[in-house]
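When the chains are written out, they are named A, B, C and D in that same order, and each has its own residue count from 1.
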Amino acid sequence: MKMDLEQLRKTAAEVAAREEVKYLVGWKQGTYGYRVAPAFVEDAAGAAELIFSPLCTANLATYLTLAEQLPVPRGGEPDDRKVALMVKGCDSRAVTQLLVEKGIERDEVVVIGCPCPGVVDAALLAEKYPETEEPAEMKWDGENFLLIRGGEETKIARNEILAEKCRLCRYPNPVVSDIMLGEEVETWDLAEDEGVQELENRDVDGRAEYWAEQFDKCVRCYSCRNVCPLCYCQDCILDRLNPTWVNRSVNFSENTAFNIARAFHLAGRCIECGECERVCPANIPLGKLNRKLAREVRDKYDFEPGVDPDAEPFQASFKPDDPEDFIL
Amino acid sequence: MSAMLLKKEKWPEFVEKLAGKNIWAPQAEGDAMRFAPVAEGEAPALDYNNTRVPPKGALFPQTETMFKFQPEGAQVDEPQLEQETVVLGLRPCDARAMAIVEKLFKWDIDDPYYTRRRELTTLVGLACNEPGMNCFCPSVGGGPASTEGLDLLMADLGENYLLEAVTKKGEALLTETKDLLDEAGVDAVKEKEKLVGEAEQKIKRTVDTEGVPEGLPGLWEDPLWQKVSASCLGCGTCTYLCPTCHCFDIQDETEGLAARRCRMWDSCMFDEYTMHTSGHNPRPTRRERTRNRISHKYSYYVDKFDVIACVGCGRCTNLCPVNIDIIETIRQVKEAL
Amino acid sequence: MSANFEPNVVAFLCNWCSYAGADLAGTSRVNYPSNIQIIRVMCSGRVNPLYVMNALQQGADGVLVSGCHPGDCHYMEGNFYARRRLGMLKDLMEFVGVDPKRFHMSWVSASEGHKWKEVVEKTVEDAKEAGPFEGFRRRQIDW
Amino acid sequence: MTEKPKVGVYICHCGINISSTVDVDAVAEFAQKLPNVKVARTYSYMCSDPGQVLIKKDIEEQGLNRIVVASCSPRMHEPTFRKAISEAGVNPYFLEMANIREQCSWVHEDIEEGTAKAEKLVSASVAKVRLLEALETKEVDAEPAALVIGAGIAGIQSALDIADAGFKVYLVEKTPSVGGRMAQLDKTFPTLDCSACILTPKMVDAASHPNIELLSYSEVEEIKGFVGNFDVRVRKKARYVDFDKCTGCGDCATECRVKDRFPSEFDQGMGKRSAIYLPFPQAVPAKYTIDPENCLYLSRGKCGKSPKCQDVCGAGAISFDQEDEFVEFKVGAVIVATGFDPFDASRKPEYGYDDYPNVITGMEMERLVSASGPTGGKVKIFNGEEEIEPKEVALIKCVGSRDTSVGNEYCSRVCCMYVAKQAHLIRDKLPDANIRIYYMDVRAFGKGFEEFYDRVRRENVRYIRGNPSEIFKRGNKLVVKVEDTLTSTPLEDEVDMVVLGVGLEPRADMRGVMDLLRLSQSPDGFFLEAHPKLRPVDTATDGVFLAGCAQGPKDIPDTVAQAKGAAASAMIPLARGKVTINAQVATVNEATCRGCSFCVSICPYTAIEMVTVNRFGNEVEVARVNEALCKGCGSCSAACLSDSIQPKSFRDSQILPQIAALGVLK
């Protein structure tokens, strides 16, 4: 796939310049190494720094609900201009799910779709091709990724560093958009979700042991929650003291409760963008929790979040023939 | 200051000698290293860059029980701290951070928890031969072999570790383990200095802090804060992983009818950090919070304790999920001055 | 596990069917294990699935949620929601390593005093087999 | 408002019902030490007057503001204690009950276990009661009208009573005529009144009563709302006959091209009717109806050159383009009087009902002996060659009742007597016949029943104790194979005719009504009453009552009595003009609501809507609860990710401490 940067920047400049648009959120080159940073573009000029590359992992849909709603000064008007957003396939599902949950209204957002041949797992990349302070570029090149730094180009086989979420991706093309950049990409053969399967194959004690080790590491920085486009309660129950669902103290018990509650709140809502796992400073494989539930929702309940803006929310609906083989 | 040599193969024995003490050292968990108590009979590996989570928890646990109590006239129980602790292999930046934080915990009144733990703890550092890509300790007053905050500094000389006592506690540790140690010659110390010099050369990123502490308050309403914070997720990664961040919250937690008062790390990047009971929040957005984090480190702390509360370890920059880079931020601050 | 281990089971029962069924078991003097403690809610749909997690965290060895049979819900659909939500929770709990024997859900109607007894016996027996819940039980205060 | 909780704990001995398995003094001692507990006492009967006085006195003297009663199920005495504490000035919702009888002392034997469990339950109740909130009971106006579903004798009686009291009644009947099953009966036991003679006047009254709007050939489509305020939508099915123009002359039926071709429902299929028909001569309303499935014109679009009924109807009432109509109205109460289905005898294939024409059911016998029936009241059978009067008649009781093989464990209550009555009627018509009744037991419990049973026996009717295992054909005869269990003699009685005393079953179509009104079934499949003894006409849905066989098998006097009871109960909100609405409703914390509207999708009562509120100058959508519609089920709350919607008295902040209390005392 060939990403036409010029077209992207031209389109973005046009959108950002619109009066109805407050700002456009896209990706830009980061300050060092393999980093890509979210870019908030307020005018046409700002669009010049935008990129779309295999390093653009971040799901920017989280910025639709992250901005604090400040009191409007007396006599003033709330700024209800639109936010323009660049989305990959997975990111677009977050937008759709937000529409389902009325987290946003369709006319509050301009969606710029970027068909995505898959992004890299930056940690894996850094492991195999050590990161240096020098900012690097990356491109899609057929079945390969092209790493460009210090004027040198390195070809890396796609499968070597493709992000796990992308190996399992069924929606590389945005499911909702106002403007589509480039051509749709073809879907690819799905990998098995080995991470989840490996755990499923263990006995219950084996799984307990595995997760005990993981949850023990949690520092409760809440980055998994905060980065999630679908965790957008102003007042999260996991922060609340009355009632106390989860104590603020950091220990295995509370960490486990926190992680179970977080995963459960995303049951039937998670769109598998993998951001929670990517941002976790303790490297807890949170994606496995979410993907496990997402698969159960898909297999047992024939439901998939974030694909149909008119769908009934999963946890707020039922089918008379939902599985009940577990009921006494 | 006495300098001794420890053959690397004797490292396990050295650790064994410390048996009876609580030993903290870097532990590998996949690629997420952290400091944690070492199980008996285990010798921690020291071939690491730096841990993701700093060792500050050894003196300032993420959750600390202050006392336990039962409602309605039952007893109150204050845990007594008695256990001697040795922290092995902490990097000079992290040790420096402990020295910086200690200024606060020993400021107008001594914080009994921190003070007591520091008394009971011997900090054994490990000089850096291979700094990380976002390390910038020299820019903020540190260095790859800084001894500030340490009781003992170790340096990796290939075959041997060079052990240099910094404090009496460090001396005591050398005495305790003297059977395993050899006197270090001048060559060894020179070799270390050479390695340190090389390490300093490898540090590519720098910050120019000149004028920053004085200038920051004047940038209160500067648009730069909006720019820097726009992408901030408001998570606690930068602060929890920062060796100098020391904010805490105190809460009572119940378990049935028993309860405990505990203090735990808090983060000024959380929205409820400054949330008032009334619902008013004087730092209502990430803009104010980001401004506070930077200003606190580079200005307020300097004002109070005459030192920048950033040791250049690079963790916040390494691990920020959205590439908020403190080096870049300070550069922008300079620019705005 | 110790054969003498007596598990602590917390049960959430809907007011109209299962709680009434448990009352009927009492009226009929049906005998069952005393390890089960009931929390009455108006509808099984009220049971926030996180209650199950919370109960385990707060000292339960087993948890039961019981409601009306499908179609019999006093509030028409509450038990259908409960079924879906708790089904998901069960999957999640098993995946993170909580023994499936620790969580059960049942349909017990107001007239099923005997079924209630069977459900209690099964739940308690399973919790007994699973043993004391050590997993993520909250235990920072040890006195 | 934030007065410190001062809890009183009252532990009931319940005679020895509790105290024999629970050491109540130990529980009191334990409770005394729980946080915020000021007083803990025991008493022999907490619900008695002196027991209540004890609580009230403590409230006054010790300033208690929260009460825990550890006794029986809250389903039993919660209202009692709520009333008691509110009389002493404490908000009635500051009460929590620990069920240490039904769920403790009655189900456990060991006193140590019982005591330990009672302590936990008390502890959980104390934990919760401290966090309860004061609630206010509100009232809304009640619509002074009632809906009665089903116009058999139960529905008619209920409707008449309510209408006579001056309230509007909508009487909805599914079939073209009122009357129900009773209209099909010949004589009624034990007095042998003619069923039609006593019923018909009531049918006419119901149709002509100024306060009753009769909606025959109609079905309830939708009922929304709550007690006092039900919104009802009824489908009036097309009769294809103009109701106002039809004079009931019957010319149409006589001229119908498919005259007398179809089994008459009223005559249990033994008689025939035309495609346009009046179900039976005394039908009310006396208006003809076209059966669209069998009418040539309606089913095939063509009936000769032109439909004959249309040709002959002088009133011009035939209207083939009629369509179903809908009527909507509001009522304050609903009575369900939908009746029963006779047991389908085909489900006992050993009795050969499907194979042998001379094996008939009790309902068929009713039509056979009725003077208005298909044979004009003559008991005749066709023995394969000719029509004869049967010489040997067998009647079998408990067909489809007290029979687990067909899933009916219950006694249908009427068969003993109707079989006896039919034996009597047969004896009347066939003085020389041999009449045998095969029975398991004879239950003649009602007024005049035993006397009637005696009379029938004296009329040379043989009662043979035995449950026939099989009926088969031998030549022209039917053979009843049975063991006479009194003499242990196997018998093979040859008879001409067998009457199966079929029992009563829940209506096959009851699911529709269940769904409309959120009703449940009891184990026998009939509608479940709110309490089997104390609230036999009420249902779990406020403002919905049961009358007649819909609730369970019963005879006519019982049906009428229950119908009158249901009418009286239904009239309570109607007469009062107001209903109290549930105080334990859900409430939204608008400050934390994120506007996802999950709760709106969930609420089965459409009690939640999204509203726009101003949050510091920003317009945001939040959920809001209509308290009159909310039933307090809390299903919304369990799906609320921000915990913003919470049912009062069952908040997370009230339940989690309960869980904690139960867990910690392990």
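Throughout what follows, a contact is a pair of C-beta atoms (placed from the backbone, for glycine too) under 8 Å apart; a residue touches a chain by one contact, two chains touch by 3 or more.
Computed from a prediction, not measured in an experiment: that's the story for all the values here.
Chain C has the C-alpha centroid lying closest to the overall centroid of all protein C-alpha atoms shown. The interface with the greater count of contacting C-beta pairs, when A-D is set against A-B, is A-B. One simple way to say how far apart two chains are is to compare their mean CA positions; for subunit A and subunit D this gives 53 Å.
Work out the mean CA point of subunit C and of subunit D, and you get 30 Å between them.
Averaged Cα coordinates give subunit B a centre that lies 72 Å from the centre of subunit D. Of all residues in subunit B, those touching 2 or more other chains are 253-256, 258, 262, listed in ascending order. The set of subunit C residues touching two or more other chains comprises 49, 54, 58-59, 77, 81, 85, 138-140. In subunit D, the residues that reach two or more other chains under the touch definition are 591, 602, 639, 652, 656, 660, 663-664. Taken as a graph of touching chains, this assembly is complete, with every chain in contact with every other.
Residues of subunit A that touch subunit C in their complex: 199-200, 204-212, 215, 245, 247, 249, 251-254, 256-257, 259-261, 263-264, 267-268, 289, 292-293, 296-297, 300-301, 314-318, 320, 322-324, 326-328. Residues 30-33, 35-38, 40, 58, 62-63, 66, 68, 70, 123, 127, 131-133, 213, 217, 219-223, 225-227, 239, 241, 244, 247-251, 275, 278-279, 281-283 of subunit A are the ones that touch subunit B when the two sit in their complex.
Across the complex, subunit D meets subunit B through its residues 33, 35-36, 591, 660-661, 663-665.
Residues 71-72, 254-258, 279 of subunit B are the ones that touch subunit D when the two sit in their complex.
Those residues of subunit B whose C-beta lies close enough to touch subunit C in the complex are 65, 68, 77, 253, 255-256, 258-260, 262.
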